[in-house]
Each structure stands twice: as structure tokens, then as C-alpha cells.
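There are two complexes below, and they share subunit A, which is joined by subunit B in the first and by subunit C in the second.
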Partner chain A sequence: MYDTGTFIAGQTLIYKLDPRVKLAFTVTLSIFILWASPLPIFSLGVILLLTALTNGITLRTVGQSVRPLLLFIILIFLAHALFASEVEGALFVSYLGISLGGIQGGFIAVWRFLCLIVAAVLLTMTTAPSRLVAAIKYFLHPLKFLRVPVEDIAVMITLALRMMPALLLQKKKIERAQIARGGGLRRFGLWVRAKYFLSLVLGVLLGTFRRADELALAMEARAYARGERTSAVELKIRQVDYLAILLFCLMIIIFIALNLFLS
Partner chain B sequence: MPADRKPIKGIVYAALFGALTAAGAFIIIPVPPVPITAQTFFLNVAASLLGGPLGATSQFIYVMLGVVGVPVFAGGKAGLGVLFGPTGGYLIGFIVAAFVIGILAKMKKDTGVFWYIFSMLIGMVIIDAFGTIQLSLVAALSLKKAFGVGVLPFLPGDITKIVLAAIVSSKLKGRIKI
Partner chain C sequence: MISFKNVHYRYEPEGIEALRGVSLEIKDHEHVVLIGPNGCGKTTLIQHLNALLLPAVGSVTVDGLDTQQAHNHAKIRTLVGMVFQNPDNQIIGTTVEEDVAFGPENLRLPPAEIRKRVAEALDRAEIGDLSLRNIENLSGGEKRLVAIAGVLAMRPRYIAFDEPTAFLDPAAADRVLEIIDKLRQEGIGIIHITHNMAQAALAERVVVMNRGIIFLDGTPREIFGKADELQQIDILLPQVTQILIKLRKSGLPVCTDIVNVDEAVGQIQGLIKKA
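Moving on, here comes the complex of A and B:
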């Protein structure tokens, strides 16, 4: 359940980069991927994949994060291939509306999609969640002037991160109890299923409320107050980061030039 | 300061509902034609029970969980790229919709099932509007095609979830005191 995109500790260079730098890279990349023309995206995808492979992320892990999306990828491809509005190139199967241009468009859309996934996998698999939260907090900082409680948001993300597995565990428990009583979601007609689903989520929700009340009480008892707080994670931009930023900017500039040259 | 202590419960509830929405990615409801996850179900319950601002906050936390790398976006995705990707519009729609549903649901003193269903339907329209627009922009599909790929197959499931969420919300509405 958690084997896609989860952090795995490693020692290569990319692990040592500042999470803020990596986050900025990922955002820049995702914008570029959606904007650029096919050839630069193709080469960028290859570079991304090579970066992943040289940093201990295997093709299998990449495949694992792609597999759940297979249906969506097929849908995107079909949407392009089947309903291509302007027909470029020779018609393949005219009565189905499949055209060469449509198939090309489909491949490009899927490739874009895969690039985005690999970029995201690279970020999340080489950065510990706590460091990523710290990076997010850093980037949300300007929102303070709009009176957005940035500190609270960081606390909330950490709380949610901690509680999610517990909630899933609780759901599993209730599910097992239902099955032990002859119920469960995988049988009978729609109405019975709906009823089992209702009793399942009511159990999960009531359990969550109890947890929330206890947690709030515990936090109050420990004199939790909103506002400035210190964190165990301290972010520092080092020489490696400057080097990475330099290389990254160089790469993006080359790609943008290539893109403008091609179009 | 006592004035600062009161919202702690709100913070905790919003965080837990964010986590619940995220956990909803792993709860699958077997409905034809496409089996669906329970995420928007929890979105609807969160918004109608917590109200506008806290409901929206809970969905923001959910989106952040995904950004941090927990695979909780539809189809086991995670990461910031998703927000800018073809399905990112739905996630932004989640936050806006939660706000609107929350406001609508708290407008009445004693909200009934049908008012819940009404406000959740409005929320669904908001989510699908954001989602379809971004899908058509990013995947370079026309609005009509994007609607056919991104909304139509999920409509029966979405409506089922709304009815279930409305029932649950009206059953639980007295339980949370923030």
C-alpha cells in the first residue's frame, strides 16, 4: 500500500540536496514539461529516468508507481487517438476515427504524463517527509502576511501524516469485525453493500472523533499554543546545492533554447 | 492565552479529516461501472460537519499530504507534479468545493438530508468544473472530450457517494463541538 513514492534512505548526491531546492526543481520541471514541445520533453524524460536510475531508484519502483495509473494512461491515449479532431497524416482506420496524428498526440500526452510521475517519484523518494514539510513551511512563509497560519498548517500536516496509517488500521479492524459477523463489502446486492459501507464509515468516523477529542485535550494539557515554534529539522543551503542549482538552470536554459529553436 | 487555545480542536479535527480523505484513497466502494474510492465521500462529510473554513483547511491538508509524497491522490499518485498535471484541477476544486459545501450546509439551523445533498451536488459541480478545465488545458483535449473522460464515467459513483455522505452527515451532525 505504501510502496509507491515513499522515502527510502540513500547516500547519493540527490539525497543530500536541500529539500527546498528539490521542491523548486520539481515545480519548475512540471511547468516546463507541460509547456515544451515533444523533442525537448523526450530528452528531458530520458535525463529524468537516468537520474532516477543512478540514484538507486530501480525501473521496478518507477513501474510500481506507474502501474496504478495504467487505466488513466490508456484513457488519455485513447482520448487522443480516437477523437483526434484535426486529421493529420494518413488515416489508419477511418471508420473508427483513428489517425496517425491522433496516435502521435496520444503518445506525446502519455510521455508527458510519465515524465511528471518520474519527477515526482524522484523528489518524494529521495526526501524524508519531515524535511519536505519543513520545505513546504518555508515556501508558505510569505503567506504569513495574508494572515495564513503557516505554523499551524505545518503542525496539521505532521498530525495528518502521523494519523493516516492509524486510521487505515482502524478501518481494517472494523472491516474484519464485519466479515466475522458475515458481512463485508464484497458480497450481496448494491443496497446491502451500501449499508455495510455506511456502518463501516460510521465506525471509522466515530473513532476518528474520539481520537481528535483526546488529541486536542492532550495538546491543551501540554500547553500547546499556536504561533512560532522551533523544528527538529534545520534546513541549510550548502555548496552542493548551489552547484545543483547552477546545473539545473543550465539544463533548463538549454532546453528552453532548444524548444524555441524547434518551434 | 485563552483566545488562542480554543481553535486547537479545530486544528486537530481539520488535520484528522485531511488524513481521513487521504485514507479514503485506499477505501474502495464497489459501484458499477468504475469502482470508486471514498475520497470525495470524506470531503463531503468533512465540509458539512466542519463548516466552510475548516472544511477547506482539511482538504488543503489532504492535498499537502499528497504533495509531501504520500500516494493519496487518485490512482495512487503523489507529488507536486500532480497539481500541475491533468488531474490537478480536481484537487484544487476539492478545496474550493469544501469551502462552499461547508458554508451552504451551515446556513440552516437544522440541516436535513436533502439540503446536504443539494450543497454536495453544488460542490460536485465545482470540483468537476475545475477538474475539466485543467484536464482540457493540460491534456490538450477539448472541453467536451475532457468531460467525457474525466467526469462522465464517474458520475454514478459520485452521486452514490453524495447520498451516502448526506446520510452520514445528518446522523453525525450533533457529534462535533468545536
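Moving on, here comes the complex of A and C:
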């Protein structure tokens, strides 16, 4: 079962917030995470993690979300550690030129990245995809005047959200089939692994095309046609949203003040 | 009523014809089962029912609406629902209620009406408790019921099922068949493809296809009474009929045109009493 980042029904306060509010919070937080200095980022990360834990998202789920990006995270860390420009007072650990400042920079960059992941997981796991899509559609609405096909984009996002876990499951199934026949990516040398990787990619791709074909047919059978559609979701800002916006703004102001004070 | 008149269809311009002059009428509220060997044109035929495929020659009309007319398609697709063989490739939403809402949303119904229809469809498919569940976490049988609910939300008059119990364990298959039977009793016309002859025996009418034509058409009793003709196209009789034929061959005076278990039990009990 693949459930990382996918919606799980719940009853806590965060579930009840309007998806537009949550989406706006996530975007604001993302900008702040990329901009602010280390100490506020560290505190924000702790707050995000605590919010996630109190809303039914376990450390294991966060770990599962991080795992596929582990290589990327290591690269971020190494890039900072090896190529840090600020080496004033640096302690050179080895001939590779790794400085203490670089390592510190690497940790901060990785922490920022982890904060972004937790914020995204918090949004996607506590918001039903249809509500999330309705919120995206709401923010994209002005683009309709530029003839951007907002309705079609919304359907594409719905399908992407539905198909991502399904495709990952399919990849796992093909991998298992390869292992069952004595193959797979784990055992052999680089060349053989490359060969199995290619057959895995081809298998997933072919399966995806077949699936897309059948899905298009099924959509047509249920009277789908490009253009205007209605939605079961009705977005409404309520008292609890206003309260959340107030608290969020207060938190961001405190963090910005802290950031300015520290810099 | 759904009417096929001399329908021909081929997938490739130079390929063999998947349908070769099919003429068929399906009445309102009728329960029709389509059987036949793989590749005989069953799926091609039911995909003509809601204008997913259009006849190259001939015509298909649903309640008087010609499928060749593009402006009829939206109406035809609300009249005829389609449940495909693999629910994974049919389910569009990430959660159950989102998927069930997909059809009514396409019909541009107001949000309150969509929510009403979703609740009603989930109730009819007896999966109200799954409404907020993620599709990926459902069993094969539950996914099949979600696909049925998605079709029911369109309030169709007919539903075509393409092997609705394929790959399901017996308990899940029974649950799906119970729902189909309930829908039939509610007055929805059922067109049902199956390879399971025990299921075919429960229908009002059995249509046997072979190589793109209607090979046989009649009640289960009439169809399964033609054992020799069915054997020509490698279709097995229901197990219960096979047992009675073997008993008959061994000298016991039983009727062999029986297709369901209850009647067979009655026959055998009658024999025991006589003995």
C-alpha cells in the first residue's frame, strides 16, 4: 500500500480549514522557509513537525516522503559542504576543502528542504484532493480571461493525484516480477542493472499508456467532455478560517521580526 | 429499448471485422447475458451501447437516440452506464465520493444535487461507509462497487457490465452479483458479459456470440439445451447441467435442460423419493 502524501480522512481542526486558506498558508510558508535565516527556520520546522504529529501524520509517513528524495537531499548537502563560498574562520577538515561553515550551510539547506516536505505533506494529507483541486482552480480562475483552460488543468491535476500512487504500485509490481524471475535491480553489476532498469521503465511506460487509454474511455463513458464542469465542492470561508488566518499572520509577523532582529 | 441494426465494426481499416452484421434488441428492464469465446466481439458490442464505439455500417439506437449523432452522446451516456472489467482503469477520483461525483459533475449539475446523487449512489451500492476512503486502500471487490456507484450517480436506465466478477474471490463476486441483482429488481436493464455459465443461467436471456455475429439467442434453458452447438465454439455448459447429462447417460431418468442448482436438487430429490 502506498499512502505517502495521499489524503487520509480525519477530524482535527486542520481538516476543517478551507483548502484555499491551507494552500495560501503553504505557499507563504514555502517562501518564508526559502528566505529566512537559520534560527527562525529551525523553530518553524519544529512547529510544522508538531502540527503534523498532532494531526495524525506519523514520523514514519514523513520518513516515507523523504526517502525517494534522499539522493537529492544528499546532493544538496554535499553541494553546500563542498562549494560553500563563505569560508571565513573555516576549519578545513580534509583535503577536499570541506569547511565547518560548509557543513553548517549543508545542514541548514537540508533542514529548509525537509521543512518544505513537511509543509507539503501536511497540506496533501489533510485536504481531500477534490478540495485541493477546487482551491487551485479558484486561484487559477483569473487566468480564464487569458483563455487558459483552467477546467482542463483541474482535471489533469485530479488525474495526476489519482495516478501517481497507482503508477508507483505498478513499478513495484514489475520490480517484484523481475525479482521472481531471478532479475531485478539489486543483485547484478552496473550493466545488468541498467538493462533491468530500462525494462522496468519500459514496462511502467507501456502500462501507463494502456491505462491512460482505458481511463480516457472510462471518462468518456461517464459523459466527460472538455470545458465547463461543476463540482461537488463548495468553498466557504468560515469563522475557524478567520481565526486560523489571524494566528498564522501573527506567527509569520513574529518570525519576520525575529529574522530581521537576528540579521 | 436498445436496438442494433446490422452493425458492422472493425478496429483497423484493413483488419478483420469485430462485429459482422449484428442485429439485436434489448428491452427495458431486461437482464441479458452475453457469452462467447475470447475475441468474439462481446466487449466491442457493449461499447457501442453508450457511443464509445460507433458502427461503421448499420445503426445503434438507445431509447430512440441514434449513437451516430454527436449531440445525442451526453444523453446516451446518462441512459447507459458502463462498468469496465478493470476498476483501476475506470476510477478517476482519489477518494470514493470524489470518484462517484465525477459523472454528475460532467453533467454540470449544481453542487447540492451532486452531493445528493453521490449519497444515493453509495447507498444503492451499499458502500456508504467507504465514502471518504482512499481508492488505493480498497479491495478489488470494493473497487468494483465504487465503479458501479459511479455509474449509478448518473441515474442510468441500463448498465452494461464487462465481466464484473473477474479476478474477485467468491465472497466479493457474490456481493457484486447481489448488487447487480438488486439493480435489476429496481428496474434497471442489465447487459452483462461473463464467462461464468452459472451466472449466465440466472439471466432472463442469453446471447451467445462467435466471431462477430450473434450465434444463439434465447432463454438460458433454450441456450444450454443446445449442448452440441455450444461445444462447437468451446462453450461449456453450467456445471449443474453437465452433472444431469452424466446422470442421464448413466441411465437415470432426469431432465437435462435444467440450468440452476435449485431445480437440479428438486430433480434428484424426486428420484430419491421414487426409489
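Everything below uses one rule, namely that the second predicted complex is superposed on the first by the 182 of 263 C-alpha atoms of A that agree within 3 Å, B and C clash if a C-alpha of one lies under 4 Å from a C-alpha of the other, contacts with A are read in each partner's own complex, and residues count from 1 in each chain.
Assume a residue touches a chain if its C-beta (ideal position, glycine included) is under 8 Å from a C-beta of that chain, and two chains touch if they have at least 3 such contacts.
Given the structure is predicted, the values throughout are model-derived calculations rather than measurements.
J.: For A:224, select first, second, both or neither according to whether it touches subunit B, subunit C, the two together, or no partner.
T.: both
J.: Looking at the overlay, what does A:47 touch: subunit B (first), subunit C (second), both, or neither?
T.: In the superposition, A:47 touches no partner, neither subunit B nor subunit C.
J.: First (subunit B), second (subunit C), both or neither: which does A:233 touch?
T.: Once the two structures are laid over each other on A, A:233 reaches subunit C alone.
J.: For A:13, select first, second, both or neither according to whether it touches subunit B, subunit C, the two together, or no partner.
T.: Neither subunit B nor subunit C is touched by A:13.
J.: Between subunit B (first) and subunit C (second), which, if any, makes contact with A:109: first, second, both or neither?
T.: In the superposition, A:109 contacts subunit B only.
J.: Return first, second, both or neither, reflecting whether A:159 touches subunit B, subunit C, both chains, or no partner chain.
T.: A:159: touches subunit B and subunit C.
J.: Look at A:129 in the shared chain and tell me whether it touches subunit B only, subunit C only, both, or neither; answer first, second, both or neither.
T.: Both partners.
J.: According to the stated criteria, A:179 is in contact with first (subunit B), second (subunit C), both, or neither; which is it?
T.: After superposing on A, A:179 lies clear of both subunit B and subunit C.
J.: Would you mind listing the overlap between the subunit B footprint and the subunit C footprint on subunit A?
T.: 1-2, 6-7, 129, 159, 161, 211, 215, 219-220, 224-225
J.: In their shared complex, at which residues does subunit A touch subunit C?
T.: Contacts found on subunit A: 1-3, 6-9, 128-130, 158-159, 161-162, 165-166, 169, 211, 214-215, 217-225, 228-234.
J.: Please name which positions on subunit A make contact with subunit B in the complex.
T.: Residues of subunit A touching subunit B: 1-2, 4-7, 23, 26-27, 29-31, 33-34, 65, 68-69, 71-72, 75-76, 79-80, 83, 85, 105, 109, 113, 116-117, 119-121, 123-125, 127, 129, 132-133, 136, 152-153, 155-157, 159-161, 163-164, 167-168, 171, 185-186, 190, 193-194, 197-198, 201-202, 204-206, 208-209, 211-213, 215-216, 219-220, 224-227.
J.: Which stretch or stretches of subunit B touch subunit A in the complex?
T.: 1, 4-5, 7-9, 11-20, 22-23, 26-27, 29-31, 38, 41, 45, 57, 60-62, 64-65, 67-72, 75-87, 138-142, 145, 148-149, 160, 164, 167-168, 171-172, 175-176
J.: Over in the complex, which subunit C residues touch subunit A? Could you list them?
T.: 47, 50, 52, 73-74, 77-78, 81-82, 84, 86, 88-95, 97-98, 101-111, 114-115, 118, 132-137, 150-151, 154
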